[in-house]
């Protein structure tokens, strides 16, 4: 059962992956990517990591929807109505990725992988949770800070207005003229 | 007592120095001052001759500067002072007011002081010092008119020749020191051990011969005649040339002690007397004739020193001094007044200046050695001593005496001829020819009186020396004389002298008008036996050749080495600079260029294109991965 | 055998993602390529965990890190793109070459 | 205890869901009528339900350069996600599938609605529908984080993501009692991802129906059905999370679950008409500035309680 599902998900994932760069419409590309990544989530789910699988799906869906928003914002031809090739150096890229794929598959089959050690615990979610909160606390902390830094940096980069523009030149304008609405007391 | 001697020395030297330093400032007063100093010196000389003072002062470690007036030096001191005074009386006439009289009189007094020291010195150092001062003053006086190049050249020649000879004295001093005579006392020189005594004696003999212008060295005297008249009168007749003879007379014991020195000196003296006599006969200029005669007369003195007859030598010295200084003063006066010294041109000079002429005639007659004059007596003394030594010498002496008579008569003949009718013409001709002094101003009385006095001294001195009356003189000189001349000797020499004079007087008018085809011998004699050319050939030219060789060697070898060194250094520096420029700088520039190229090349992958960065990253990672996998 | 096959799947996803990232000009497409590459990593991690070291949680931690990396990459990518776009209407990497050597 | 149902439960669950949805529509029609002053009557309800055959037979409008594939996909995803999310919900003591990560599954399906609606908006290539799609994404960003933390608080309380464990953990005390904020946020979330009532902003009348503007025929039917199915699914999910699921004194577990679900559904339908439509940017401010901290505090409190109880 597991092998069949793995095969199925694998093939669909690869197909969607190829579709991402094959189709003209950016929306279709985005949701092909979503499909591919959902299959990845499925593979992870099938490989005995239910929590991580579903979380991956959950995250990928939200990411792809947000990407769709940006895709519409920044793509010249989001709907792919005027097909034009946005590619360059196609042969080079193809060559390199083929080489990489060949070397990786070569490695996969040449390296004699060690035997499995130990057996999966009953509740893998509990295992990862315990590890993150225990032995890998440093990783968790680092991830936390990285996410915080990303939030702040992304906001700062994306915002058109500075943090103090709304307070005027002498930082004393009241009420602050803020282009973005909302905010308590306004 | 020694104070008297110190005064005798200090007066002339001090006055001379003062006058010399004053230069032209006291030009007018100089003659008076000079004369006063000379007179003072004469007085002191007489006093010291009477009292015979002695003095000595510490000079170097273990060597004292000893002075003593004994018999021989007493006579000489008086003679020097007298002649100096006479010459200084005559000098103003010779030197015009525009001349630098201070310097002239200063030098003359300095010379007199030096001569006094020489004759009174008992140890070698003061003798040496005085000897040197004499040489120097002689050089200064000969070259008095120093703005005339020819006179300066003459002074130099004289000076160099005498100096070369003086080295003998130093050699003697050195030998004495080495020979163990620490005190350098002249009398103690005989005590030097072994070879050093011979060396010392040889040195002294050479110095004496050089100073007295004897044979090998006599050519400098002909050059000395270029000096002013009085200089010739004082230095080159009475005193300086006599100093050598006096030295030999005093050191006769040393000469005898060495054995070979005495005969050598004697024969040198004899030969010089004869040879220089012949040269004198061959001369056409009056002063040259007198110079040559001086050499020959000094030859007699040297002969006397050689045969060991101090009294005869001294008498000869005194007589000759008086006679010759008178003749030189007269010649100088004629040179200044008539502007010429050539004998044919001086025809009848006596008649023109009767008083001066009389003095000249008396001096010349004395010089000729005619009886009863002083020189004849002196000569007999010397010849008697010589005969006792060896008959050869006696014959040589007689011949020299004859020749002496010859040249004296020649001078007399020319001078006493009747005045030619156009005597004015001669004046002008003579003047240009000789570049003579200030033209036809007649000699003043100041010149005539000393000439007459000196001539008188020359005449009467002879009388004092006659055998009957020679006792007191011999007593003064000390040391008995073994060979008093016996009468037949005196008669023989008188006859020889008279015969020679008559022959010359007879022969002279014929030769004067005969065409002047000078035979080789005559020309050789006229040229002072070409001693100068020989000296030049033997010494001067090789010295110069050696000097040139050394200079060439120095230029080529030493300078060459230095130049090559410098050039080598320069080329080295240039090479280093080139190496630095091309090598070092080139390397640095190459490295810099290389770095720039590498930098540019390193920038190529930074294309700014994101996908190319990814490509590079992927390739890099795969390489790394493969390395990690392969290496492990 | 499935272990190797899943790894091949992961390699395939990675390579396709790489091809997309290298060949695409549009920034958004490049980010999609990168997302695919990280997806490949996640599959590989799960595979290693499942077949080699199920006892240890490290495999899962890698997946968590990969997921976080994906999120951060997308957030920062779009922030930079927004800033760049607002500055100069740039939407392809070829136009943004300022950091050229 | 809840255990996985047999195969036929897979069919029963959607049926029950559909029934619930119909009841909700009926209630809504009555409320609308009453609201409009008319007496609620079966005729009105009947007329409302006649919409279904009408839409089925209607000629769907075609639009130029519409992305039909994505449009179809979008319209299908919305109801399918609703149905899939219910599989995890235990009915009484028996659920269709008892996943260990049931809660996360429900959340994943709920997020799929975003994709579905955006596609439904993008599909017809029309401005209003696209703007409607964007509006739903904006609204999604607003309600998603508080909703997630509400679910996490329930999971923390039960120390498990499995719904069975959560229900079991509410033996003594229902979570609604000490997680009220979680419950309210969940209800708001349900309304939001059903974009009904106060959260009908994506399908707002100012946008001529927004996402539903160009939907016609079967698409419109599916979308409308999807909205009401999500409402019922949300209500059904609230029961095991906060209202103790099948626990109850007398009645059997499934009866309690049914009653509680109908009660929540009635509450929600009642609430539909009471609150005006909230613009997404206003709600996102409320959600992120007020609700998010509250739910975080809520999770903290629950965690502390759990630690104290477990530690002690």
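Going in written order, the chains are labelled A, B, C and D, and every chain counts its residues from 1.
Following the convention adopted for this analysis, contacts are C-beta pairs under 8 Å (C-beta built on N, C-alpha and C of every residue); 3 or more make two chains touch, one makes a residue touch a chain.
This one's a predicted model, so the numbers in the text were calculated from it and none came from an experiment.
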item: Those chains which touch chain B and also touch chain A; value: C
item: Between B-C and A-C, the pair joined by more C-beta contacts; value: A-C
item: Chain at the geometric heart of the assembly (C-alpha centres); value: C
item: Centre distance in Å when chain C and chain D are each reduced to the mean of their C-alpha atoms; value: 33
item: Euclidean distance of C-alpha centroids - chain A vs chain C, Å; value: 7
item: Geometric centre distance via CA averages, chain C-chain B, whole Å; value: 124
item: Where chain B and chain D are represented by their mean Cα positions, the distance between them in whole Å; value: 152
item: Chain D residues counted as touching two or more neighbouring chains; value: none
item: Sites on chain C at which at least two other chains make contact; value: 18, 22-25, 94
item: Chain A, residues touching no fewer than two other chains; value: 55, 66, 88-89, 92-93, 96, 100
item: Chains grouped in pairs wherever the two touch, ordered by label; value: A-B, A-C, A-D, B-C
item: Residues of chain D defined as touching chain A within the complex; value: 65, 67, 69-70, 73, 99-101, 104-105, 107-108, 111-112, 114-115, 118-119, 122, 125, 134, 137, 140, 144, 161, 281-282, 285, 289
item: Contacting residues of chain B [partner chain A, same complex]; value: 611-612, 615, 618-619, 622, 625-626, 629
item: Sites on chain B touched by chain C in the complex; value: 603-611, 614-615, 618
item: Residue ranges of chain A touching chain D (in the complex, touch as defined); value: 25, 27-28, 31, 34, 50-51, 54-55, 57-58, 61-62, 64-66, 68-69, 79, 81, 123, 125, 181-184
item: Residues on chain A engaged by chain C in the complex (per definition of touch); value: 2-3, 6-7, 10, 13-14, 17-18, 20-21, 26, 29-30, 33, 36-37, 40, 43-44, 47-49, 52, 55-56, 59, 63, 66-67, 70-71, 73-76, 86-90, 92-94, 96-98, 100-101, 104-105, 108-109, 113-114, 116-121, 124, 127-128, 130-132, 135-136, 139, 143, 146-147, 150-151, 153-158, 160
